[in-house]
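What follows is a set of structures for review.
First chain A sits with chain B, and in the next complex the same chain sits with chain C.
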Partner chain A sequence: MEGAYKPGWFARSTGLIVALYLVLPILIVLPVSMTDQRFLSLPHESLSLQYYRNLFASPEWFASIAQSFWIALGATVLAVVSGTLFAIAAWRLDRRLVNLMRALMLLPLIVPSIVYAIGLYRYFRWWDLLDRIAGVIIAHGVTGIPYVVITVSTALAAFDPRLEQAARGMGANLSQLLRWVILPRIMPGILSGAIFAFIHSWDELVIVLFIASRDVFTLPRRIWDGINENVDPTMAAVAVLLVFFTVLLLLADLAVRKKRDG
Partner chain B sequence: MTLELHGLAKSYGSFVAVEGADLMVGRGTFLTLLGPSGSGKTTILSMIAGFTEPTSGQIFLDGKDITSEPPEKRQFGMVFQGYALFPHMSVAENVAFPLRVRGMSKAEREEKVRGALDLVQLSRFADRLPKQLSGGQQQRVALARALVFEPALLLLDEPLSALDKKLRAELQEELRALHRRIGRTFINVTHDQEEAMSLSDSVAILNHGRIIQLGAPEALYEQPRTRFVADFLGKSNFLPGTVRELGQGTLGVQVGALRIRQEPGAAKVSLGAPVLLSLRPEKIRVLGDADTADNVLEARVTSWSYLGAGFSIIAETAVGPLRLAMPAWHAPFHPAEGAAIRLGWSAEAATIVEDDDAGA
Partner chain C sequence: MQARNAGWWALLMPAFLLLTVFYIAPILQVLSISFTEPELGFGNYERILTNRSVQRTLSTTGRIAGITTVLALVLGYAIAYSVTMASERARRWWILCVLVPLWISVLVRAFAWVTLLRRQGLINEALIGMGTIQEPLELVWNEFGIIVGMVHYMVPYAVLPMLSAMRDIDPRLMTAARGMGASRWTVFSRVFFPLSLPGVLAAAVLTFILSLGFYVTPAILGGGKTLMVAEWISVQILDLIRWGFGTMMATVLIVTILVTLGVFSRIVNMRRLFGGGH
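The block that comes next holds the complex of A and B.
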């Protein structure tokens, strides 16, 4: 921004400290994953890729990665479809009840996930969804809805209502209006929401601890168990891959936004 | 195609936006709804398009009541204020939209789009996105899109308001030529009186939700029915007076100390009745020494400005300040502040108008 005050040394150094604080805990896993020791530690003598080899040779880790991926994919579809439909409905019917519903939709972000997990445990026991992939997809899908509602609502707020009038004036019915005008206009918001919903499911642990036991063993849960049972540095290698994957998704989100704004 | 409005009204709570509008628009007419902001012109257009539901009254298209039909069934073309082009579609896709909606085949669509883009001279820009075009070009795309499905009626909502003055004049020309060429009915909404006069066959002047006067631009300018019309369409001097003489063809109207000779025109007057005269600035002449006129008045220039084609002068007189317009190329004198001049106008120059007190 031209004509604005330049940041001083205080603002610069606090900014740097905050950035380091955010990034350091993530960066530390990189050297740890390349340790030459037999336990979770920084490398002593030399760097080694043995734990990456270990990871790719291990069927358990691989199974967990695959499982986490499919669960996140399913949860994303669930969150995107219901979140988008809700956001469009709330946008069309701006009434008091809808505002209450909107607050309800954001609840999974506000309520501590452990509370949510306890509640889910009760219901899932009745419905026989415990330790089932479908159960985890439903749980993650529902808790991923707020991300989609927020991003899609933001996209809809920027939607010019005259475009709808124009489309109707030219004879478009509701479904043509949705498919050809509204959805293409809010697609960047939907994609953003999808990416966040995916990341949410991909690294969710608390709910999984409650509703899964032997059959469903997602990646965050395997890392968690690994830390509790042994201090195998393979976890650090997994963590690096996780970080790498997440950064890729965030870059994709940035690209989507840039395309929308540019 | 005939469009008729019968007592069309719209209120929002206690606010009356449109108060019983009656209008008949014949085939091929270019009608403009002209009024200041808040006069209800856009609401009327929106009711014709079907976006706003009237509180009462009916809309007939060729005798068929379409009041409760949704906009997508009415099949009118519309150009929106700010154009409302679809930003994610190319120019050609925008223009093809109404055809796609109607399930037209791709080949047929392409042909019609080409025709419509040719009509507005934009064929070269078919593959661009709207944001890559200038305001005037976007405006033409909106026109092509509204006309491509050959609607019987084209609605225009302040179509030129976003453009600068020169471009606006250019597009006015184009719009008028286009109207002549395709011979469809256009209904235009604007607050720009010049635009209304230059484009339209017929103008409806609105104020406070009511149609005050409807007629050809020339008729409205020459015979304004009320003070508001005279004031909104061009400039005018207003002289309040009383009828003192009912002569053969002329009246004697007492304005202050001055007896003005005035033709009654269409107005019905009686002796002793108060009347309001509307006198256009360009109808007041600056008289030379030997010149004479039906009404002559001594005046003193209080201010003036040069406008290229002419001078605009304000002069103090016995009946108050008068504004006059004097062509520059045959000005009988060069204006100067304080200069004493003689003003004159003929008995048919002024018009008797109804004082609806909305002008000042």
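The block that comes next holds the complex of A and C.
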């Protein structure tokens, strides 16, 4: 790069140390999950996969993983469909009122989930949605909308509006315009949004703590119980799988972005 | 023209209705309960002035959020600076170091800190093994543990707005300043740092408002002894069934956050933050 400026050793080593502070504590769960001891510790004599066996043999953990997966999938569909349509229309209309609505869409990123969770706890009783999978899907879907609105709006910023006018001029109606002109061009943005909406639901705990009791027992809720009750190395095995899964999704997102940019 | 736009307006509706019915409505209900239960009026709010538990929670929350914000800014600045100065290839790794922790489950991270910090945790074991200490240190289930975990959570959020501000700084400015004989420190303190300030301010607002309402990390690493606002609200609602009291605090929390955000809204751009890493 022209005019490159190299930082000194102090800046570089400080940055490195902070990066280690961010990453190392997360990586520590890997050796702990393979401990040969009966409590949370580093392996003493040999590596053991017994806690992974525990995990895969446990019907409770398995049921929670499956439930979380289906909830996240449902919430992602809800967020992606409504969020994408919203972002496209907001981009096209671009009025003050619409921009206000768009700002409203970002509220779930700012309002603490505890406030929303206690609200839902009361509100869902009317709708008879407490402790229902459908209720959790709605709650996670609605709070996932901002991620989709943001990624799709970013993708639309690079979209040439003349393409739309041309398609209109040739007689395309709204649904043809969406399906053949707009959606294909912003697909990477939609996929990015879908990935983030999925991770959001998959990891969400606070809302679930309030609106679920016996029937809905998602993975984060089971981890929460595990941390608060019996901390055994099986938890570390779960943590490793979750880290692995998240990194995989993030790499998928990076690949999608590269395709979009390149 | 109007008829053509009607189609676009219709597309706005699914998200707008979902948000109004299933997000805004329950939150408005929270706000209204704070004025109506147990009786109509400002009774719940008067307790801010009289109730010790409310005051202690508010001051604990303000203190922890403040300390967390300052530490996250300092640490985040070091990372953002390194990313900005890194070569194109190295930059990708740096950004991964920020994005991966950002998206790793908050529970996993809190769990990792419990593993490290508890009495029989890895850090205490190591220190005792080396003979540095005799008795295990109290590293968790107190304010120290909460702050360690919260800073770890907030650093990536602090990095992103600072990074986006630093990327707008022309690197030739620093080269020029060096060329004219300024020391590294002068270049940083007189040229780079002032230009990066808007990003620092945005990061400060963001980490502060996120810290205020944080639930999971303080609940796990605080061990129920040090209550921040979010956990206090949950205790009021779930354990003590005092809805008026709990929703009053929730309202105070929301108003504080929205006012902070409103004051700084020109600087903080939420869309840019999550908009895609560049």
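Observations, loosely collected:
Simple rule for what comes next: the second predicted complex is superposed on the first by the 260 of 262 C-alpha atoms of A that agree within 3 Å, B and C clash if a C-alpha of one lies under 4 Å from a C-alpha of the other, contacts with A are read in each partner's own complex, and residues count from 1 in each chain.
Following the convention adopted for this analysis, a residue touches a chain if its C-beta (ideal position, glycine included) is under 8 Å from a C-beta of that chain, and two chains touch if they have at least 3 such contacts.
Everything numeric here is computed off the predicted structure, so don't read it as measured data.
By the touch criterion stated above, A:Q176 is placed in contact with chain B alone, chain C being left untouched. When the shared chain is aligned, chain B comes close enough to touch A:A166, but chain C does not. The partner of chain A that touches more of its residues, comparing chain B with chain C, is C. Contacts of A:Y5 after superposition: chain C is touched, whereas chain B is not reached. In the superposed pair of complexes, A:P184 makes contact with chain B only, with no contact to chain C. In the superposition on chain A, no contact is made by A:A66 with either chain B or chain C. Applying the stated contact rule after C-alpha superposition, one finds that A:L109 touches chain C and leaves chain B untouched.
With both structures placed on the common chain, the touch criterion links A:L248 to neither chain B nor chain C. The touching residues of chain B, counted against chain A in their complex, run 49-51, 70-78, 80-82, 84-88, 97-98, 100-102, 145-146, 149, 155. Chain A meets chain C in the complex at residues 1-8, 11-12, 14-19, 21-23, 25-26, 28-29, 32, 39-42, 78, 81-83, 85-86, 88-90, 92-93, 98, 101, 104-116, 118-124, 138-139, 141-143, 145-147, 149-151, 153-154, 174, 192, 196, 199, 202-203, 205-206, 209-210, 220, 223-224, 227-228, 231, 235-236, 239, 242-243, 246-247, 249-250, 257.
Interface residues of chain A, counted against chain B in their complex, comprise 160, 162-163, 165-173, 176, 180-181, 184-185.
Note for the complex: chain C touches chain A at residues 5, 7-12, 14-16, 18-19, 22-27, 29-30, 33, 75-76, 78-79, 81-83, 85, 88, 94, 96-101, 103-116, 120-122, 125, 152, 155-156, 170-172, 174-175, 178, 184, 188, 209, 212-216, 220, 230, 233-234, 237-238, 243, 246-247, 250, 253-254, 257-258, 261, 270-271, 274-277.
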